[in-house]
Amino acid sequence: MKFLKDLFSDHKDKLKRNPLKEKIFEIIFESDTYYGKIFNIALLSLILISVGLVMMESVASINMRYHKLLVVFEWIITVLFTIEYALRIYSTRKPIRYIFSFYGIVDLLSILPTYLGIIYPSTKYLASLRILRLLRIFRIFKLTQFLRGGNTILIALQRSRAKIVVFLSFIILIVVVIGSLMYIIEGKHPESGFTSIPTSIYWAVVTLTTVGYGDLAPVTALGKFLSSVVMIIGYGVIAVPTGFITAEVIRKKSIPEPRENTQVCQNCHDSNHLDGAKYCKTCGFPLHRDMES
Amino acid sequence: MKFLKDLFSDHKDKLKRNPLKEKIFEIIFESDTYYGKIFNIALLSLILISVGLVMMESVASINMRYHKLLVVFEWIITVLFTIEYALRIYSTRKPIRYIFSFYGIVDLLSILPTYLGIIYPSTKYLASLRILRLLRIFRIFKLTQFLRGGNTILIALQRSRAKIVVFLSFIILIVVVIGSLMYIIEGKHPESGFTSIPTSIYWAVVTLTTVGYGDLAPVTALGKFLSSVVMIIGYGVIAVPTGFITAEVIRKKSIPEPRENTQVCQNCHDSNHLDGAKYCKTCGFPLHRDMES
Amino acid sequence: MKFLKDLFSDHKDKLKRNPLKEKIFEIIFESDTYYGKIFNIALLSLILISVGLVMMESVASINMRYHKLLVVFEWIITVLFTIEYALRIYSTRKPIRYIFSFYGIVDLLSILPTYLGIIYPSTKYLASLRILRLLRIFRIFKLTQFLRGGNTILIALQRSRAKIVVFLSFIILIVVVIGSLMYIIEGKHPESGFTSIPTSIYWAVVTLTTVGYGDLAPVTALGKFLSSVVMIIGYGVIAVPTGFITAEVIRKKSIPEPRENTQVCQNCHDSNHLDGAKYCKTCGFPLHRDMES
Amino acid sequence: MKFLKDLFSDHKDKLKRNPLKEKIFEIIFESDTYYGKIFNIALLSLILISVGLVMMESVASINMRYHKLLVVFEWIITVLFTIEYALRIYSTRKPIRYIFSFYGIVDLLSILPTYLGIIYPSTKYLASLRILRLLRIFRIFKLTQFLRGGNTILIALQRSRAKIVVFLSFIILIVVVIGSLMYIIEGKHPESGFTSIPTSIYWAVVTLTTVGYGDLAPVTALGKFLSSVVMIIGYGVIAVPTGFITAEVIRKKSIPEPRENTQVCQNCHDSNHLDGAKYCKTCGFPLHRDMES
């Protein structure tokens, strides 16, 4: 069966296929096969451990005690991730496509910080960006139900795009205007903390979004009055995006989505293939056999 | 009538029934009968008083003055609750089922802290978990209208489960990424309080959810700018769960729910039996006579 | 015309009518007539001025300078309001009904504090409750469109009553449980401010509602972690009441409401009579002539 | 073609047309033509630069170093904006109409502060109001999709007007009442910061809107209890405007809006003309030729 598929695909793409490359691809990029599943679960665990290590390193009391241990582990994991990244580039047919895909960039970002940390020490904490690699979790465990949940959110956001842009523009205009006014009102009172217009704009954002740290707070009567107005605006304005997102969600016609598998095309890096699909839906390149079918 | 029911049920469950056990069960677990109602109202009052006592004990000024009195009352109530817990186990036909049911665990949690408090003093304050026992209030007073309100909320939450998981994952990813970035930006300024990545992640949660304590606040210009972006994201993102919950609530077909009584099956601890039901809808065990029917 | 109406109404209520009483009633309670309009606008202005005076008196710097003036004005207004209150009681046919109506209580509350202030000085600031008298503004200016807006809100709230009760119970349970846990975790660290369970419950409310003063904030790692969970719950839970209110509003069938006038029945204090109505819709007592008809 | 149009329009408005005036109008007010586009992009850039300069000037450390440079640039830009403002008045046929239109006022507000700054120094920071000029951006770049997004928001807000007024009145009444009560409760404790009723009302707004700076926070038990109630009210009340905005958005029938161009009528300052329109839809005055048609 596999032989036949290989035969046909060779006809199609006129390229000699490399069984080792394919095996590596199957294990690293897919989680339908037995070894693929094991590899991916190991990878996810390693990512979690690694993020935990980075966090621990940043805590002074832990770092003082276990500094050496943490550094050693950190380097072991980084080397493993580097090898994995190299294998991903090696095994795919279109490395450039992988490198500049979302996951390709995330994979690179999860090894770079440790190397850069040799030169710029504080950079190494960026290694916690590795947590973004966990996004693969939904595909690996076939949590398509959750993927669909995510899709629905994305679609609703996308449809409300124009309104979101208008809303953000409005927010930016309002915080600049209010920030400037507050600077003129409160700027003479150094105890209020309104030391410049950018700082006052920061305060306006803190207030309008109802966060309210209190590191900056008006001290004059006029400043307090204007703040109250800003707060009530912010309190009411929050209704606007909610109203639009809700309307989009209700309007949306629910399209039944078929069960997808976790395979990634070795040629064009397209994913979301249907269960049982034999060829890539985008480039026609043969997909690997689904372990369960 | 009762005799006949008993007769039939004996045929059904092939078990000799114990009238004392049944009487206790009727009083403790049901509130349709006269004594059951009295018992349950007394119990609810005792729970409220007891939670009040635990709170008072935690207030230094009150505790100093009335320490002995509070301890005595605390122990009297705990002993009463312990007796009640023992009777509940004794009177039910399937003690294991009761012990591991939600209410069984809550009932145990409401007596354990006082005993554990002998060894670990601070544990005794957990006795305020007794307040969870009040959840029975809705069933006891036949507040089915409110139960239905609660059900509707639960159903809406359950249907949105996939979206909630995706949403929470997104929130976790975002706070880890932002927390790490803020640690790199603000970490060198000890007055800002960003002393480690976990602390910065805590700050990110405080900011994204628009709580904004102000115990940690950015001091650098870049930190303030990134904070502003996080706040605006948090302010807008709140629209997403709202949109989905609202859509679920609207989509929901309102099913007319019949009036339920407050009886609990002595055999399988199933509740929510219909008014006038004579046998448990789940295991066929005869239920007690409804006082009102 | 008026003569005829009076004749008929006398037949109806078998009571001799007092023209002075009626005139006073017309001016004080109604704003359709010329003098009624003037009286009510004067009254509203006086209320606003009076609330402003109470506020000014509470500001130390203003009070020091103008204390005597403020006290004199305060007493003049209070005496005027007292006379008005007496006239309201005198002119209505059912004084008891007026006294215990919502506006009757508000009218009393707006004069009592000043008198009580002689004995308990701080009580006099309650005089700012006079602002509630402004609620009449909507009826006086025939802002029925806005009244309807208010009604829609009230109806939506009323229909969601059961869900609101369940929601509040849930909030209370959650803050008691979380408050107790936080007291056990943070109570040993006096710098955190978690000095008792009630204080910790207050913190839990401050956090769950995303207010976040920062007067209390966790200092331990575990406390910060639990806080983060509480915040995310609070952030998501806000979606629940919004969802239900929205659903109610959408479900609501909009009933066209006819234009109402501002008359109040002298006999039963019912308001919201239709424009052009000649008799009270509730007790049949004749209403005053509408100035505009 | 243009000649014919000019001919006809002359018949219409019985006024000799001034080619220079028209050319200036075309460049300044319209962005369909080549020069108009260039002019408007240059203008937008200048506005952004100018707002940036004002902000930089307010930052003490930057101002100390580059004070002279900033002042020079500020004056160059202000002079350019003044010339532009003069040309706008000169080229339009109805200057009064332009001067009192929204954009006319914004254009004036963006030059006035610098001149006023000579007399009242702090006034010059109002120059950041120039950012409002950016509102033209949507019309200039034909971002009609976004304009429509804005329109939808405005329509939803307008239809909810009555409810918004009622809601705001309710908020104002509630904060005055709560502020007064809190002043009576907390006023005796100077460390709480509730020094006057207006300050307490400010606190009530900060709390009800869930901003929560923490510059004022209750210290008494009763104050904390009342605060908790206010917070829960505020937390729930936010659902009301959201519910109404959402309902409005859903109810709205989406009217297909035709593509509009960016021309402004030289005679009556009406904008939003249809693509390809040759005469002003409001006053019949001929419009300029659309570059693209």
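Order as written gives the chain letters A, B, C and D; numbering starts at 1 within each chain.
Note that a residue touches a chain if its C-beta (ideal position, glycine included) is under 8 Å from a C-beta of that chain, and two chains touch if they have at least 3 such contacts.
In this text, all values refer to a predicted model and were calculated from it rather than measured experimentally.
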| item | value |
| --- | --- |
| Greatest separation from chain A - chain, by CA centre | C |
| Equivalent interface to A-B, taken from A-C, B-D or A-D so that over half of the residue contact pairs match | A-D |
| Same vs different contact residues, chain C with chain D, by half of numbers used | different |
| Chain C and chain D: spacing of chain centres that average the CA atoms, whole Å | 34 |
| Chain A and chain C, separation of their C-alpha mean positions in angstrom | 49 |
| Numbers and ranges of chain D residues touching at least 2 other chains | 167, 198, 201, 210-214, 238, 242, 244, 246, 250 |
| Residue numbers on chain A that touch chain B, as the complex places them | 51, 54-55, 58-60, 122-123, 125-126, 128-129, 131-132, 134-135, 138, 145-150, 152-153, 156-157, 164, 167-168, 171, 198-199, 201-202, 205-206, 208-215, 238, 241-242, 244-246, 248-250 |
| Interface residues, chain D side, partner chain B - complex | 210-214, 242, 246 |
| Interfacial residue positions of chain D with respect to chain C in the complex | 162-163, 165-167, 169-170, 173, 176-177, 179-181, 183-184, 187-188, 195-198, 201, 207, 210-214, 217, 221, 224-225, 227-228, 231-232, 234-236, 238-240, 242-244, 246-247, 250-251 |
